[in-house]
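When the chains are written out, they are named A, B, C and D in that same order, and each has its own residue count from 1.
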Amino acid sequence: MRSGIFAGLLLATVSAAAAFAQGAPIKLANVAELSGGGATVGNNWKNGIDLAIEEINTKGGVLGRKLEVTHADSQSNPGVARAQVQKALDNEPYVLLGPGYSGSVKVTSPLAAEAGIAQIMGGEAAELTQGGNKFLFRTSFGQQSSMPKVAKYINDELKAKSVAIVWVNNDFGKGGRDVITKEFAKHNIKVAADISTEAGQADFAADVSKIKAASPDAVFIYLNEEESARMLKELKRQSISVPLMGETTLVGQKVVELAGDAANGARGHVGLTTDAPVDLVKAFREKFLKKYNYVPDHNGLKGYLAIYMIKATTEKMGKVDAKAFADNLHGLTIKAASEPGILMDVTFDEKGDIDRQGFLVEIVDGKQVVKQVLPKLN
Amino acid sequence: MSNLLDLLVAGLATGAIYALVAVGFTLLWQTSQTINFAQGEFVMLPAFLMLAVMHAGAPFWLAIILGILLSLLLLGLGFKLLLVDPMLRHGVLPLAIATMALAIGMKEAVKQFFSAEASPFPSIVPAGDVSILGTVVSLQSLGVLALAIAVVIGLTMLLNRTSIGHQMQATAQNPTVARIIGVPVERMILMTFLINAFLVALASLLITPIYLAKFSSGEVLGQAAFIAAIVGGFNQVRGAIAGGLLIGVVDNLAAAYVSTQYRAAVPLILLIVIILFRPQGLLGRPEERTV
Amino acid sequence: MTATGKYLRIALGIAVIAALIIVPMNFNRYGLYILSQWAVMTIAAMGLNLTLGYAGQVSLAQGAFVGIGAYAAAIMTTQGGMPLIAALGVAIVLCFAIGWILGYPALRVQHHYLAFVTLAFSTLAFLVFRNEDWLTKGIYGISNIPRPNVMGFATNRPLPFYYFCLGSLALVSLAMWWLIRSPWGRAFVALRENPVRALSLGIDTRRYTLMAFAIGSALGGVAGTLYAPLTQYIDPVPFNLSLSLDLLMMVIVGGSGFFFGPFLGAMIAVLLPEWLRFTQGYYLMLYAVAVMLLLIYSPTGILGILDRYLAERRTKAASALRAVAKSRLETAP
Amino acid sequence: MTAVLEVTNVKKSFGGIKAVDGVSFDVQEGEILGLIGPNGCGKSTLFNCILGQLTPTDGEVKVDGKIVTGLRPSELNRLGVSRTFQLLQVFPKLSVRENLILAGQEHQGNMMSRLFGPSDAGLSAAADQMIGFFKLDHLATEAAGGLSYGQQKLLDAAMAFMGGPRLVLLDEPAGGVNLTMLGDLKERLAAINREKRATFVVIEHNMEFVMSLCTRVMVMAEGKLLAMGTPAEVRANPAVIEAYLGHCGIDP
């Protein structure tokens, strides 16, 4: 018995010494929407992070040092997010991860910038990267880069002259709606109906009947996955047959699963999706499914990529240097060939926005079919 | 015109969902002055219980039976014995607060032990649409509506035709007198908790294929049911049903003809007006127990 | 109350105040932020404690008043470039007036019905915050809210801002203490305990009911004007129904109708989740369970436990005294 | 002598039931009027109509010659009409002194002076005097809820006398009070009546109490006035005896 304890102590000492020899773990801090309205976003993001860290650590870590992350809950409330980010920054992490809600990013990014810590977040609102913050990085397309592609497609391919917009009335939906409305104006596309919906809404009959009354050439749908599925069902029930266009959240596998037949014909621009016709993404999806028993949405991918962004940047620098991190990530191109964890080639510009391949997909017989590959710009 | 009909039918279908949830609400209030802020979560949970049983490998029918039994145990008996009984004599408010805490606890537990993701849930009503009076209606909505009607008929029969029903009514109207004339008041109150648990389990079974099994799906439902119960009449089963249907329809009409951004406001304004000018609700009777 | 008891209380009070001033001096930014948040929430909860705890009027709208105050502060200081004190004045007047109007339903309906009216108001306010972009910038929220200069001192740093919040809390507490001890406070209690009897004693229950709502709501507005510069960014989401429910929970958990109830309640609501964070994803669950257990054990909240304990001790002391007196009588010749 | 209270043809019905059916009487200054009658004959309803707790269906109430029908109870109280209730109505969490200050505070100043003035509204002395008068001295700082039933009943009555009312309506002041306490109460009421020229209307079932305290007695039955006169006259009235024997009996 006593010798058992002794052996245990010895083992602990030895392994601690080993860890020390490798260098202390690299501390990361994640603040995300783990409860409240954004819990689905936050938990996907968190799981993506955990999966990536587990992978990297089993392969020996970054520059021989393990990664270690603390997760804090913003309760989907910007005030709490601010407090948690403050707490995280007080502990001087290497990089700050999250939050996912654009509002929470807005209230926390000045703190990270003040502390000189890079912040890799999930928000998609256009304005986030336009304030000249040198420490803020996206993991996905901002709306300012995805919406022009959508508007162009609607104009060039669908030849629609009037479009109904359906959006969810939160910072995600409102942001997308505002950007696309501007883009439509550039193409002289008329907004036939401008319909706001609530998060968690179950009954879209009234919204669809408004679309029906406006008889547009196409419908642009910008809702979360669950509401997208209900919307598609209702559109089918009221037999609306014009083209349906959306973004990642309209054409995901989850929507197909939930909406069934009604999803057929829906098209969308997709930046990050587990359905992308890319082998590395497919492999990621399998790994995630195996670990967590469900298929992640794009937020799962974002969390995963955030960690590999850190890995790639750090390895490029050849040292763990929080102060230099942001500078080194600006203008960096990470190739999937050399860093498979990044899944697709990606380049970061001076604002922290990303450039990556995108896809235009359509649901055909319950399957995503890629209609166009929108190449990386440079 | 077909447009309006469409809205009405769709509103009734959603309203029937609210109504089902609202009925249990009014039952608890009537017999035990419990305002259950966790009622929405009560509807959310049974679906997860059933999913859990299914994950363990049981077939759907067995999951339904076990899910309902577990609901009776947890949401009926457990809720009453562990939370309501110790707090009832301290008045309405502390108990109402405790049910708020319960709602948080239930959501967090489901998120933690199950998933933050929405899970699809099998439907006992076959998917598909039928055409009625030129309007296409989904079978699921019809199923919910049918169940809501069945519940009213069933409950009305139970309350008015059986001796247990009479005893429950006596308990609801005046527990002191009921006790004196020999009604087993305690058992009757327990009955209503079990009935509520049964109703939420049924509602869960019917609603979840539409709403999806998600830890947060109770929030919207709970509040809508709340409003439905008050608008219809807090102390009448048929009031709750009428209130639910009305709120469903009003919500749809508001979205179509007023503003989608303010659609949620219209039922609330209706609620305020009703409370101020007819506090007992459209079909309710004035409260007899005053302070 | 005995003299030693009184001195003990004063000593305890001074110790607590001193601790609140001195201990945070070497807190990190996060600790100061949480403490500032506690002070702000305490002010809002004190307002609700007046409405609910003293005057007995249930309100589920306190969060909406915090929102109104916060928006008044945010809009006036960012767009109007006005000082926070002006915003404070506007917020107080606005919340007082709206609270007064919201009090009218309380003259017609009581208890749970009143709760539902105020609940509806709370959600309506949220919709206005979200939908009226021209005023509130809608869902995008208002950022870069400046922190005020108080008598020439900038409060940009966390510590000065904390002292600013603490000072405001002190002022509000003094005012509240005055109010509770004044004839108004007595009238509020009478309103809660027995409105019919109060009426027969010449107490204008209508006016006091409206006052209880208006003053309580105005304090919500005060808390809001501090909340905006605290977070420096506001959007409609934090002011939805759940804030009102949280504030209600603070009042009940702390001890409704006790002067120090809101202080404790806000402490539990703000700090307990912090202390429980080591349990990772379970912390909110444990918080919920803790609240339920507390309410089962003591529906009158934490101070209710203390009150019960003191009452028991008094009764014991009194009966002991009586026993002594009785034995003296019996032994007297 | 002037009439402090004039009640003319007051009626009150609930649905189809006439609880008070055309009652008229007046009360002179300094008088103690007893109001008796079987349970449910409308005594308390009549009180509630006079005091504004209920609005009469018909009829008129005058205080000091001024029509007060339709005034709220609080307004009436500030005109100098106060009351006690059948059931105990003290504020249990406030101390005895606080209860009395509360009962008097609205009779002076305005809302602002009550907010910014002294905490006791300057009434501590008056309250202590009242406490002394009702012999509750040793209990002044006790919470009212901790008093014995009889003591609370005394406090309840004392509260009605704060602010120096012209007219006091007492609803069963002796109900449930033990014999020693009863003597005290009666003696105190009589003293106030004598010293302060306060006018009383007293509902009471205890005949001994009524007959010895009151200067005049009024009998109600089934919502109507049955008889009015000195205690001796009423006691001898055959209609009264009939009414009482028919219902619940009377102490001889």
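A few notes on this one:
As a convention for this text, contacts are C-beta pairs under 8 Å (C-beta built on N, C-alpha and C of every residue); 3 or more make two chains touch, one makes a residue touch a chain.
As the structure is a computational prediction, the values presented were derived from the model and not from experiment.
Between the contact lists of subunit A and subunit B, the overlap consists of C. Central chain assignment: C. Criterion: smallest distance from chain C-alpha mean to the mean of all protein C-alpha atoms. Compared with subunit A, the chain whose C-alpha mean position is the greatest distance off is D. Inter-chain centre distance (subunit B to subunit D, centres taken as mean C-alpha positions): 50 Å. Inter-chain centre distance (subunit C to subunit D, centres taken as mean C-alpha positions): 40 Å. Distance between subunit A and subunit D, defined via averaged C-alpha coordinates, is recorded as 75 Å.
Counting partner chains per residue, subunit B has residues 108, 111, 261, 264 touching two or more of them.
The set of subunit D residues that touch two or more partner chains is empty. Across the assembly, subunit C contributes 130, 281, 284 as residues in contact with two or more other chains. Inter-chain contacts occur between A-B, A-C, B-C, C-D.
For subunit A in complex with subunit B, the touching residues are 35, 37, 39-40, 42-44, 169, 195-198, 200-203, 205-207, 209-210, 212-213, 225-226, 230, 233, 237-239, 254, 257-258, 260, 293-294.
Contacts from subunit C toward subunit D in the complex involve residues 179, 181-184, 186-187, 189-190, 193-194, 196-197, 199-205, 207.
Listed in rising order, the residues of subunit D touching subunit C in the complex are 51, 53, 72-75, 77-78, 82-83, 85, 89, 91-94, 98, 101-103, 105-107, 111, 114-117, 119, 121, 159, 162-163.
Against subunit A, the residues of subunit C that register as touching in their complex are 28-30, 33-34, 37, 130, 138-141, 143, 227, 230-235, 237-238, 277, 280-281, 283-284.
Of all residues in subunit B, only 35, 37, 83, 86-87, 90-98, 100-102, 104-105, 108-109, 111-112, 223, 226-227, 230, 234, 261-262, 264-265, 268-269, 271-272, 275-276, 279, 291 touch subunit C in the complex they form.
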